[in-house]
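Data block below; observations after.
To keep things simple, chains are lettered A, B, C, D and E as they appear, and every chain counts its residues starting from 1.
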Amino acid sequence: MKSIYPSWQRLLLIMLLILPMHAVMALDLVEKTILAGLASDNNNEKIESITALGQLTNPGAAAILEALGNDKVFVTTDGTILISQDGGKAYDPATGNSIDTPAGADTITINNRLRRALQAAQASAELYSPSAAVRLAAVMRLQKEADASRSPIISKALEKEQDPQIKQALKIALASSTIKGGDTAARRQAAFTLGESGDAGFRPILAAMLQKDANGKFNEPENDVRLAAETAINQIDRHQTIVAWVGNIFFGISLGSVLLLAALGLAITFGLMGIINMAHGELLMIGAYSTYVVQSLFKAYLPGMLDWYLVAALPVAFLVTALVGMALERTVIRWLYGRPLETLLATWGISLMLMQAVRSFFGAQNVEVANPSWMSGGVTVLGNLVLTYNRMVIIAFALCVVGIVWLVLNRTRLGLFVRAITQNRRMADCVGVATGKIDMLAFGLGAGIAGLAGVALSQLSNVGPDLGRGYIVDSFMVVVLGGVGQLAGTVVAAMGLGMLNKFIEPFWGAVIAKIAILLFIVLFVQKRPQGLFAPKGRSAE
Amino acid sequence: MTTSHTTNPHSSNSQDASAGGEASYGRFKTRGVDTTHGAILYLESISVVFDGFKALNDLSLDIGVGELRCIIGPNGAGKTTMMDVITGKTKPTSGTAFFGQSIDLTKMHESQIADIGIGRKFQRPTVFEQHTVFENLELAMKMNKGVKSTLFSRLSGEQRDKIGETLELLRLTSEYQREAGLLSHGQKQWLEIGMLLMQEPLLLLLDEPVAGMTDAETERTGELLNDLRGKHSLVVVEHDMDFVTQIAQQGKVTVLCEGSVLAEGTMAQVQSDERVIEVYLGR
Amino acid sequence: MTALSLNLRPRSMDGLFSPKAWLALIMVLALFASLPILNLSFPEGHALHVSSYAISLIGKFTCYAMAALALDLVWGYAGILSLGHGLFFALGGYGMGMYLMRSGKASPDIVPDFMTFLSWKSYPWFWSYTEHFWYALLLILLVPGLLAFIFGFFAFRSRIKGVYFSIITQALTFAAMLLFFRNETGFGGNNGFTDFKRILGFDITSPQTRAVLYWASLLALTSALILGRAITKSKLGRVLTAVRDAESRLRFLGYEPLGFKLFVWTVSAMICGVAGALYVPQVGIINPGEMSTENSIEMVIWVATGGRGTLIGPIIGAGVINGLKTWFTSALPEFWLYALGLIFVLVTLFLPQGIVGLIRRITRQDKA
Amino acid sequence: MLTVKNIDQYYGSSHTLKGVSMDVKRGECMALLGRNGVGKTTLLKCLMGVENIRSGSISFEDQEISQFKPHMRAALGMAYVPQGREIFARLTVEENILMGMATKSGRQAKQIKEEIYDLFPILKSMLHRRGGDLSGGQQQQLAIARALVAEPKLIIFDEPTEGIQPSIIKDIGRVIRLLRDRGDIAILLCEQYFDFAHELADRFVVLSRGEVVASGDREAMDGDDVKRHLSV
Amino acid sequence: AEGTIKVGILHSLSGTMAISETALKDVALMTIDEINAAGGVMGKKLEPVIVDPASNWPLFAEKARGLISQDKVSVVFGCWTSVSRKSVLPVFKELNSLLFYPVQYEGQELEKNVFYTGAAPNQQAIPAVEYLMSEDGGSAKRWVLLGTDYVYPRTTNKILRAFLLSKGVKESDIMETYTPFGHSDYQTIVANVKAFSQGGKTAVVSTINGDSNVPFYKELGNAGLKATDVPVVAFSVGEEELRGVDTKPLVGQMAAWNYFQSLKNPVNDKFVAQYKAYAKAKNLPNYATAVTNDPMEATYVGMHMWKQAVEKAKSTDTDKVIAAMSGQTFAAPDGFTIKMDETNHHLHKPVYIGEVQADGQFKIVWKTKAPVQAAPWSPFVNGGKPE
């Protein structure tokens, strides 16, 4: 299925693989006995062999490990291990020869267990990698393998290490490997170190020390160490509470900005223009599909720039949705001003058609929109809270879009005219506002903003014909809760709902959280029947 | 200040209605409103503040039973706001408003206030635009306005006659089947006055009843109000001095300015008051 | 003057319907009522045979029509747009479903599968007595009515209007849907109730039972229409329209809109509940999907298509739209959304008063 | 400047304007009189393009405009003070005035000329209040201000004195006279307040049931003929 | 027309379920073409009748009734969700017609008028969990049961929980979480899973439905939870669903099915090639990336078996076909000649566990030696007895 696009990537992988190998080939060979385990049907033997390869710490062994991870290692019918190369060739690590791949050679299947062993094996070698990032990743992996046998390797690495962050990580890794095996002082020290790390991953080890075994004896014989372990546990728990709070705040803001983005376009088309725009969700969808198309075009024509497709997708999505919006406005909606409920009916019809159109063009299935590499992954803060890049980018993006919308509505006359038109269309016309043009532009703007939101949503969730339906209810709630026509209200409502949701969810689960939010809205509106930022006084009537 | 009376007038009112429609709006009755001291409305140091702006500033005023009181004053003096306070549309920031001796208006809803006998004509004519002229009058007509009695209500011949009379009076008989939204501005003004009459309130509040009427019609309205004088209590806000002179006769005219009473007296006194000329009449 | 004033009346305040309308109504009713007889008395293949499929379809549409009529009562007359009538419909349906669920079992104390999965050995309290038909019927009226009353009381008292009201009805319905989706709530989760067997001891799948259910729906719809007509033709109806157009003005005339709104709102919810209750035995399933936003919006669309504020329009609208949907989903399974969507757009653009508006325009032109 | 020939207007099937003809010249004030409901407002709406006419012609500065949309007429230099104020209730006073300059380019329409506040000082103190919160008379002043800032060539007033205190009515009268005397602007004034109209008008027309029943110079305004059409 | 046999196809082509069901309609049509090209059934051509129940459950019942009583179809292939099946069941029973249901489901049901060609829980869920418990599967000690809040996940998780407890897993080592339909914000849940996994080797069993999978996997990938740390095994994610996901971060995550496109055997090679050719010939949207998956295979197998049964019964009469179905065998793309159980209307199916690869296909890491017989009534619910 992904036959076209990954080809460039595969090429890259192969190149990476081949390059070091040329250098290696002349250097070290790996003994056949070590390799023999790989040919076995038994995963335990494979793991032995992999571990042995890891301890060799020579580039030849490293190349094999790497090739294993990339499904590039074959075993022939007679049990010879080969690394596949370009053009049907294969390299024999035991002899250093490059031969034609024999018939019947079978790829060695790597499953999760083997992959884990592989990574651990590679980690030891990677502790000396020139790249700090690789070293850090390796240490983190070692931290999890609390295994006394690794202490020497880690200590050695610790001596050499310069980078303070990695140094700290190494210390923790060392602690995690000495906590079981070391002497009393070392164990005590290790408990402290682990406590300071705040990493909940160590909690079970520490907790186990405090437990008694079948004979009623503590697993950890020394009282001192037990005390240290207890302190460490408390420290970890405290840290985890902070992490949970920070996490919730981040999640809340991020959910809030998603709601905000989804609702912003509607804040214009519904909030300002008074159109109950049921096709708003489909405008989001069009934005997301535009992203998909741009991504596909990049894959086909600009594979080198693929990481930046998203930047190109923004203007494209904006324009496409704005044009669709303007077309809808000119053909259908323009006849319905002043009859808001009719707009509900018509836009509902439009939304059905748009959904089906997408189904006909792109299929009923979701399409794949990938995060560009700079939006993949996340940064770890406070030990084990991952703030994902895509969420951060989207928060920033939401702020930008709000800013732009605010500027357009408050710093250009468009906003003034739009508001005037919705309040008194006839009089706006009489004072000289070309209502038709302004309507078209405003609706186009609202639609375009929805398109931008679609780009953002494509980075978080699925891009499919139903994308819009998932957001339409939430969007309306946000706009209404904020007070129709109040941009600031929309922002506050979105953020408020996001936060509220994320603070309820850990306690009651996602389903109840959602129910609670909805009931909250019902109750809140009782208190503020015109939304959060309601206009007061005579003008409100 | 008791609130226990708030429900009282309601019940006595509904008895009134079930006793059969009164044929004319002329008869003056005080339906459970205690007017022993001769005044029907007391406003005491009412203040209304909108976001820091004092629309009414310690306003005190009382209206006698059967009195026709004209209120004038510059634009923005707070005349409409005062009516809003009396009818329950706006809650005063401070001060009290009593209907008769015992009914605290500030604690009541708009509909309750209307029910105990305070009717109002708005500055901008507000009628039910989708209803016919006839239906507008029918809706306004005095009767028990609870859900049940409304559901089962049928127009009696008498009531129908009364609507007919009012239509004649308003000169809208030929328009009675038209939707009120289609009337001209002046016609709507008339219709709203008609609705007010149908309500048969004890106290009528008229906010600029002749705005947008021709001089001849203004005069007619004046005559109508003079007719009502003595039978109802009336508060009339107007900027048309000829009209005010016509209806004020020798009665009291109150001048509001910046939310409180600036001057009070007969029309002649007020018109010659320097301050009134300065802020209101102009030279 | 007396002569003149005797002629004065609000627009057609006389009888519920004009004699002509009565005649038309009775004729249409007779036509529809006779369908099951044709179904039962003529064998398949006979020219006069009406298929059971058609009967079940029309029966279902009748229930939809009733829901639409209920919605029109609040939306068309009192201007209260509910995006949550699916909730009342579903509640009525669940009430009936509970009864059917238990009446089909060998003993009403045997718990259904989904409770077994939850390891519940007996019915929870809110299921008590639902094995009795009359009690279930009571629930069908009371639960939607009470919920509407309580919700409406607070919402109307807070003077929530317009989109704000619509949105909270939507929020409430959505919340209820999520609640019912949960298995623990005790209503069968997503699967809801299916596989009904008997109603009042009769086999639910027999043509006779079907015919009776069909007639019951027709009767309920007619009663609802007459009730709705009586309400809207009364003075209360005119007060409601006044609420719709200028609620605050009405207060100054001495009407408290709260009571009026609450009255139609509750009546509407109850009618909707009855519609749901009649719907369930005919389609054989009730699940939280009935409370989905889409369903409630679709009801609004039936009303708008048929003609808002006409009572008869929503009935026509529900019939036409659902008929088209049934036809399209079979005839154009892959393109029907285009067709349906286009119809919605065209109706709004060219039939602003809905189908009834079109009919009125045509008849008026004929006269002119 | 503005010439109306034989226009007919219908609301549905009711014939509201029947062959109305009139004209307004530059530098003069034309008064439009008539009883309630005779079609004055309707006529003004037709001139502004808010209502469509069925037949007849409307020309402004020798250009046929009867098919123009209101905003195009505004762009040509027509301004309108409607009956019932029609201010933008949820825009602030300042924004309402800025709306009056909608026909101007964005840069020109940034600053509101102080002259307007000289005329209506109250507006200056209420710039940031919402239009809808103003009192009736204040709204009327705002509506006039909104029309004046457009610096139009023709200004149409529909009962501008309605609900305004006497002293300001005098001010408005002064303004209208000033505008008239400046000579570059045409004024069409529909007014019930006879004395006011009488004082300002150069010429007048009287409408009755959608037809022009009398017209003439100021001198003729006192005539019994006119009185008859205005009395009940 | 005369001389044809009508076959009903009852899959949502619009609404939320269209994402999954559309492909089943396509594969059904392909199979019909195939059968017709080979001479039809008993010399008669098959004539498909397609309807769109639009992901609306009462509409499913209505459409089923229409197909059977109006269109007079001999058999219906259709439904995906349990509720849609439950909705049409009474209709099939009342009109005594035949439904082939091709999707894995929660079991606890056995109807005379239905043939279940998807997996029962013991043919999918239990083996997957056993695998995760094994050394090769990563010897998981702690379990996250994560699902969308409806019957299939609830029941499956109930069965799994009972199973896990029977294997000595402690209650405190099981975390069960549900999300609403269409949930798209998995931040909290992923964070919770991560925190939970700190307590020991953890595996996630996902019964997340439909659209929610994409946001879940995206969040999972970005939060850095790798398959090597916390493996996720899903029961509703197949090749078709992965078309909409960027699979690079998901490498190593698992799915348990009875069929994968990547299976290497001649029947499957032919099946995959045939479907790709069909997609291209019919110009289906995105035909270049067309894939096959488990329910598609189940549809394919079901239709062939039905054909065989009809030919054996020499009639399309429901009862005769039902009788003839028992013990039918068919060389399926899943690599075995599989059998329709003599009594329980379910297929004997092999179970495969696959790991996601970067290209969106699955690498099979575990399989049963032979097809497994279905146990529709799970021994972990109600003692394995019907109600």
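Going forward, contacts are C-beta pairs under 8 Å (C-beta built on N, C-alpha and C of every residue); 3 or more make two chains touch, one makes a residue touch a chain.
From a predicted model like this one, the values you see are computed outputs, not experimental measurements.
Peer 1: Return the chains common to the contact lists of chain D and chain E.
Peer 2: Of all the chains present, those in contact with both chain D and chain E are A.
Peer 1: Please identify the chain with the largest separation between its CA centroid and the CA centroid of chain C.
Peer 2: D
Peer 1: Would you mind checking which chain's C-alpha centre is most distant from the centre of chain B?
Peer 2: Centre of mass proxy via C-alpha means gives E as farthest from chain B.
Peer 1: Using the mean of all protein Cα atoms as the middle point, what chain has its own Cα mean nearest that point?
Peer 2: Per-chain C-alpha centroids ranked by distance to the global centroid put C first.
Peer 1: If you average the CA atoms of chain A and of chain E, how many Å lie between those two points?
Peer 2: Each chain reduced to its C-alpha mean, chain A and chain E end up 28 Å apart.
Peer 1: Provide the C-alpha centroid distance between chain C and chain E, rounded to the nearest whole angstrom.
Peer 2: Here chain C and chain E have centroids separated by 36 Å.
Peer 1: Need the CA-centroid distance for the pair chain A / chain C, whole Å please.
Peer 2: 45
Peer 1: Provide the C-alpha centroid distance between chain B and chain E, rounded to the nearest whole angstrom.
Peer 2: 74
Peer 1: For chain C, write out the residues touching at least two other chains, lowest number first.
Peer 2: Where chain C meets two or more other chains at a single residue, that happens at 178, 181-182, 248, 334, 337.
Peer 1: For chain E, write out the residues touching at least two other chains, lowest number first.
Peer 2: 13-14, 149, 178, 180
Peer 1: Please set out, as single numbers or ranges, the residues of chain A touching at least two other chains.
Peer 2: 355-356, 360, 469, 511, 514, 537, 541
Peer 1: Inside the complex, what are the residues of chain A that reach chain E?
Peer 2: 1-4, 6, 43-44, 109, 111-113, 115-116, 119, 144, 199-201, 203-204, 240, 247-248, 250-251, 254-255, 258, 355-356, 359-371, 376-378, 380, 384-386, 388-391, 459-466, 469-470, 501-502, 505-506, 509-511, 514
Peer 1: Taking the complex as given, what residues does chain A use to touch chain C?
Peer 2: 276, 278, 332, 335-336, 339, 341-346, 348-353, 355-357, 360, 469, 472-473, 476-477, 480-481, 484, 511, 514-515, 518-519, 521-522, 525-527, 529-531, 541
Peer 1: Sort out for me which residues of chain C touch chain E in the complex.
Peer 2: Those in contact with chain E are residues 51-53, 56-57, 60, 110, 112-114, 116-117, 178, 181-183, 189-192, 194-196, 205, 283-285, 287, 289-290, 326, 329-330, 333-334, 336-337.
Peer 1: Using the touch rule from the top, collect the residues of chain E that touch chain C in their complex.
Peer 2: 13-14, 50-54, 56-59, 61-63, 65-66, 69-70, 81-83, 86-87, 89-91, 94, 108, 149-151, 154-155, 158, 178, 180-181, 381-382, 387
Peer 1: Given the complex with chain A, which residues does chain E contribute to the contact?
Peer 2: Interface residues on the chain E side: 13-16, 18-19, 21-23, 135-138, 149, 177-180, 182-185, 187-189, 191-192, 194-195, 198-200, 211, 213-215, 218-219, 221-224, 227-229, 231, 239-241, 243-249, 252, 254, 284-286, 288-291, 355, 358-361, 363, 365.
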